[in-house]
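Worksheet for the structure shown next.
We call the chains A, B, C and D, going by the order they appear; numbering starts again at 1 in every chain.
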Amino acid sequence: MLAGITTVLGVLYALMEHDLKRLLAYHTVENIGIIFIGLGLALAFRANAMQWAAALALTAALFHVLNHMLFKSLLFFGAGAVLTATGERDMEHLGGLIHRMPKTAFTFLVACAAISALPPLNGFVSEWLTFQAILVSPQLPQWVLKFLVPAVGAMLALAAALAATCFVKAFGITFLGRPRSPAAAEAKEVDRWSLGAMFVVAALCMLFGILPGLVIDALAPAVQMLAGARLPVQAEVRWWSIVPIAESHSSYNGLLVFLFSAMSALLAAALIHRFASRRFRRAPAWDCGFPDPQPATQYTASSFAQPIRRVFGTHVFAARETVDMPAPGEMRPARLDVRLRDLIWDRLYAPVAVGVEYTARRLNVLQFLTIRRYLTLVFFSLIILLVVLAIWR
Amino acid sequence: MGKLEFDIAHLFSGGLVLVSLLLLYQDRMFSLLRFFAGHAVVLSLAVALQADLQAKPALYITALIALAFKGIIIPLALYRIVVRLDLHRELETVVGVGPTMLAGIGLIGLSMIVILPLTAAADPLAREDLAFALSVLLLGLLMMITRRNAVSQVIGFMSIENGLILAATGAKGMPLVVEISVAFSILIAFIVIGVFLFRIRERFDTVDISALHSARGEQP
Amino acid sequence: MNWFSAHATVFVLAIPAFGAALLAVLPGYRATARLNVMFTGLTLLSALTLVFGRPETGDFLLVDDLNIVFVILNAFVGFTTSVFSASYIAHELDTGRLTPPYLRFYHAMYQVLMFGMNLSLLANNIGLMWVAIELATLTTVMMVGIYRTHEALEAAWKYFILGSVGIALALFGTIIVYVAAQPVVGPGLDSMAWTNLILHGAKFDPALLNLAFVFLLLGYGTKVGLAPLHAWLPDAHAEGPTPISAVLSGLLLNVALHAVLRFKMLMATNAGVLAPGPMMITMGLVSLIFAAFMLYKRRDIKRMFAYSSIEHMGIITFAFGMGGALANFAGLLHMTMHSLTKSAIFFAVGHIAQVKGTQRIAEIRGLTVTHPLLGWALVLGVVAIAGLPPLGIFMSEFLIVSSTFARDPLLAIPLVFGLLVAFGALFLRLNGIVFGEPAGSTAKAEASYLPMIAHLALVLMAGIYLPGPLVAWFQNVAKLLG
Amino acid sequence: MALIGELFIQGVQMALVLAVAPLLTGFVRKVKARAIGKAGPPVLQPYRELLRLVRKEAVIADSASWLFRTAPYLIFAGIWVAAALVPTFAAGLVFSWSADLIAIVALLGSARFFLALAGLDVGTSFGGIGSSREMMIASLAEPAMIMIVFTIALIAGSTQLSSIAAYTMSHEVGLRVSLALALVALLMVAIAENGRIPVDNPATHLELTMVHEAMALEYSGRHLAMIELAASLKLVLYISLIAGVFTPWGLAAAGAGFGAYAIGFGTYLVKLFVGGLLLALFEMAIAKMRVFRYAEFLGAALMLGLLGTLLVFVSKSL
């Protein structure tokens, strides 16, 4: 449950973040949350001796660990590339990078799609598995779990959707549109090696998404160890689709989905190019008739997040938007400032942190005792045990 | 085993407990040393008696070590240390002597409660010995934690160890007793040397004052 | 091979003993360092032969499934550590923290330590075991004090005093066990031999056994470093040479734990005793939670990881206290994993301390920038020690937690709580050390990375895939533990 | 041979949804026009529009990147594949097991993902508005959808559309509260996702209210055609999804004879017709709401879905 909350909050804060790297960091929180959902379910199942379900949940968790490793590192590569190329981390000053560094943009796009759990990439598979695990959870006896698990599922879904939003923002604002700063305007593509690395990882993302069965089988021994059971061997399921429980129950075939989409996209493109006019002409953006050459008029990260901020804002961030419009005739720019005070932090985490801090400080005294006092500790523990012994019978 | 020997053995081990109580009572360094010598003597007597009863000549060695090493050498050495480093001649106690004594009585009671209700499977003498040994041990520990002087703590430790040897000898036919007593004597030698090493500081208390920690960057 | 494995125990003991004697007289640290490595290597080899066949148990020596695990682990980590220390110590010599005579002493002591630990693991006699553990303790005391700095001496002194009290308590417990056994088995060495004790344990006087266990738990628990008997541990780790910290955390604690386990087995044979489980569980939880909180305020990196050792010892004790095949299995696994991981971490920390010239966390920053390999190795180590998948410790911790949930959910709550607290602390600290603005020298570390990497690789491998035979073996041992 | 046959059927279905999509859109428009007493464009108007768009040259903004040009095809592909997986006139199609409801939801999600990116690509303020609002809607609609999927899947014991359909056909499901809730929620989501009134108005280009249109604003020519087609495909998909899950009657079983397929075909067209009719009337009946009311609208959907799931969870245990 806590995992669920963490997940959603992580992604929400990420959504509010301009700093590319900080955004990614918040997302790590989210993904850890997802992983812990898996682990938690696994524990619950295991405690109720539902080995196969535990195996499912655990596989999902481990798979997600793997995926997260992949696409998060890819994202960080990308962010690093952007940083080296432009020296900017604030998305508000980026934009239009796709023209300057198309390859980086491509890999980053793959990573974004993967982390937003879009098929046919790997992120989707692990999330799908987690959902499947949630779907078997009504068989848990505990009532509390019965009510918690669907909620967690909802949160997971919410998180996934928000993640998509967040990465549309991340990618859109960073790579698309028009450069918002000279630095972004003359960015250079990064060197061949880092590009190579990024492409390799991206390829892995795709591979794991398309042929998840292999990964699941690879994870099987560990799962077997922990959950006492394992998922059915995926290798010989027809056409490399994955079937966690039973085919009638649920199955997913990354390969086919991938081929399908690829085929139909190509088909459509081909048809269009065959029969339709292939001509096109470059022209300034139309923008409903009032185009504005200034890049500043573009949608920015914070304005992108604004609707979400409105929706969740008041509850989660205690967001305060203060617009001060200059009185007519007054010569000063209108300014909109957004103050986010994340309530959850204040209400939930801060007290915990304070408590831990306090306890730590209290206990820390024990580091500075004299040997005699330590001996006293030993002495008293001895006495206590003896007394226990004495009064036992 | 005759009644008489039993009583004598009982007497000795009981005497040992008594002496450690007296050790607890001391507030002068030198009297403490003397009493400790007495402690060792009583121990050696008890051990010798056991050697006789169990017909294990090896135990005589233990008795001898106890007598010579702890009864004479160590006290003298400590005496020299005290004089050489002119430590405080009176012992600083953490808790007053009175409460300490009460606590000591309580500990003896505790050890009796713990040991005596044992089934009679173990022969009575062993049980007695165990009970007394345990109380000696606890008293020694109590002494270690209620006295501030390094010397008195060393003595506390040695009385613990006397208690152990008493127990070891009390257990019929226990092997390795001699070896153990030798090992312990070496240990104690170490400790005494340690006290020399730490002559700069005469108490354990001052061994790790926070100054050190700040030097080590551990002080918050 | 058979003949060899039949006498393996002799070799396992004789080689270090001989090595100690030899290294004590040989001058020249390079040679001695190499010899040190060689001897530990030989010990490892002869220990490995135990897998193929085991010698029959004698009056003094005993080989069974339980201690083979410990012996091999011991020999292995001892070997890698000696490899590490060879280069490490050389560096210490260059920086003038040590002088050749001390070094000779150091190597001799190292062998003595190995001897002591192996002896106590193989001992079939509770008295012998006691003596061996004390031998090991005293040697480590000297090693801790080897730098002769104010703090080192103080740490050694603290270790020494607390250790000796522990010794005394343990001995008393041993005596009581003998007293309990003597009427049944009869006087003499027989009633100190494990084989007999386990055999006749049922007929012993339960009350005596209880009493004995209390003392043994406290006595050896001091060595294991269970709170509140842990006081010596952090300083000893922080002030001693890093290889010794590694050996302490990785091995000596295990050895003491092994003793406790033996006595727990003895207790298990007797029906009348009050279960040792609750005591161990309590102490384990106390140590876990206490250490977890202590992690937050640490300024000294080695001391921090020392506390993390306490924490893990708590977990392991807890697991064994829970008992039952699964928990025991998890405990064994966790112990193995912890030894490997923690020694690897200490290797890394040793390199760090050498290149940065400080152990203060505040002064170690941005390691991944200045020393990528070292930094990431540390990250991996800490990730492992914090129990994140897919590394080995995650597996064991998961097993412990889940079995606890299955058996006694109430106990699981403090357990998980402690784990989370420790988790937070570790990552709080790690963040600063590894990432953040780089600071301190960027000098290259001379010492060899090999042991560290080997350990981490093993841990990773264990996390992903455990070989079947090993699992079977551990499960078998777990059953043995009852 | 059998495989060929199945593949053929699959192909037919894909072609069918593709062919039917513009018709449905046109039909809805027509009905709406009629309802307010206009003559309205002919039903086949959408086809003409598409053709016209395809013939026209495409105008691309200077600041547009390769993504801008590839996005339409990706979007189209995503939705088409999703639509192909929904049983329209026959269940248990050959590829139906290659993805389940969750996958379908996710596919739509990816289509949306790219559309939003495309909206941002040119870097105009309207595109931005569009995509940010779209994602906002999505971020609520998707979980609601997942919740609905949960409900259905838990009742049918599968996330596999064909088997769900089979389930609802075979068993007397009866009136399950949770199913009803799911239906309502699904309708709301469908409306939101297809950008119909009250959430969005496909006809408007009034900048403050448009969502979907805003993203497609910079598109023209064949790209616009693709997107339009995709949009109407989506509509078909949702209607046939609802039909397939809640009213699977007449659905031909896998490998059934041609007659069965014919029946299925007919019923399917009827279903679409009815669906479109209802949609149009619904749109007539109510007014567009403010952008930030969407949250409540979809939040309600989400809550319904969650409630449904909870009910199932509880009832499962009883």
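Definition applied: a residue touches a chain if its C-beta (ideal position, glycine included) is under 8 Å from a C-beta of that chain, and two chains touch if they have at least 3 such contacts.
Predicted model, so just to flag it, every value in this text is computed and none were measured.
Novice: In this assembly, which chains make contact with chain A and also with chain B?
Specialist: The common neighbours are C.
Novice: If you walk from chain to touching chain, how few steps can bring you from chain C to chain D?
Specialist: The fewest steps needed to get from chain C to chain D is 2.
Novice: Select, from all pairs of chains, the pair with the highest number of C-beta pairs in contact.
Specialist: The largest set of C-beta contacts joins the chains A-D.
Novice: Of all chains present, which has the mean Cα position farthest from that of chain C?
Specialist: Max centre-to-centre separation from chain C belongs to D.
Novice: Measuring centre to centre with CA averages, how many angstrom lie between chain B and chain C?
Specialist: Once rounded, the distance between the two centres reads 31 Å.
Novice: Could you give the separation in Å between the centres of chain A and chain D, each centre being the mean of its C-alpha atoms?
Specialist: 26
Novice: Which whole number of Å gives the spacing of the CA centres of chain B and chain D?
Specialist: Chain centroid spacing, chain B to chain D, equals 88 Å.
Novice: Using Cα averages as centroids, what's the distance between chain A and chain C in whole Å?
Specialist: It comes to 38 Å between the two C-alpha centres.
Novice: Can you list every residue of chain A that touches 2 or more other chains, as numbers and ranges?
Specialist: Answer for chain A, listing residues that touch two or more other chains: 361, 364, 367, 371, 375, 378, 382, 386, 389.
Novice: Where in chain B do residues touch at least two different other chains?
Specialist: Counting only residues that touch two or more other chains, chain B contributes 114, 117, 141, 144, 153, 204, 207-208, 218, 220.
Novice: Give the residues of chain C that touch two or more other chains, as numbers and ranges in rising order.
Specialist: Expected reply: 157-158, 161, 165, 211, 297.
Novice: Would you please name all pairs of chains that touch?
Specialist: A-B, A-C, A-D, B-C
Novice: In the complex of these two chains, what residues of chain C are touching chain B?
Specialist: Residues of chain C touching chain B: 127, 131, 134, 138, 150-151, 153-154, 157-158, 160-161, 164-165, 167-168, 171-172, 175-176, 178-180, 182-183, 187-189, 192, 205, 207-208, 211, 238, 297-300, 303, 360, 362.
Novice: Note which residues of chain B are touching chain C in the complex, please.
Specialist: Residues of chain B touching chain C: 114-115, 117-119, 121-123, 126, 130, 133-134, 137, 141, 144, 153, 157, 160-161, 163-164, 167-168, 170-176, 179-180, 183, 187, 190-191, 194, 197-198, 204, 207-208, 212, 215-218, 220.
Novice: Can you name the residues of chain A that touch chain B in the complex?
Specialist: Residues of chain A touching chain B: 361, 364, 367-368, 370-373, 375-376, 378-379, 382-383, 386-387, 389-390, 393.
Novice: Given the complex with chain A, which residues does chain B contribute to the contact?
Specialist: Listed in rising order, the residues are 94, 107, 110-111, 113-114, 117, 138, 141-142, 144-145, 148, 153, 204-210, 213, 218-220.
Novice: Under the stated contact criterion, what part of chain A meets chain D in this complex?
Specialist: Checking each residue of chain A against chain D gives 95-96, 98-99, 102, 105, 109, 113, 116-119, 124, 128, 131-132, 134-135, 137-139, 141, 143, 146-147, 149-151, 153-154, 156-158, 160-162, 164-165, 167-169, 171-173, 175-178, 239, 241, 247-253, 256-257, 260-262, 264-266, 268-269, 272, 275-277, 279-288, 291-292, 295, 297-300, 303-308, 310-311.
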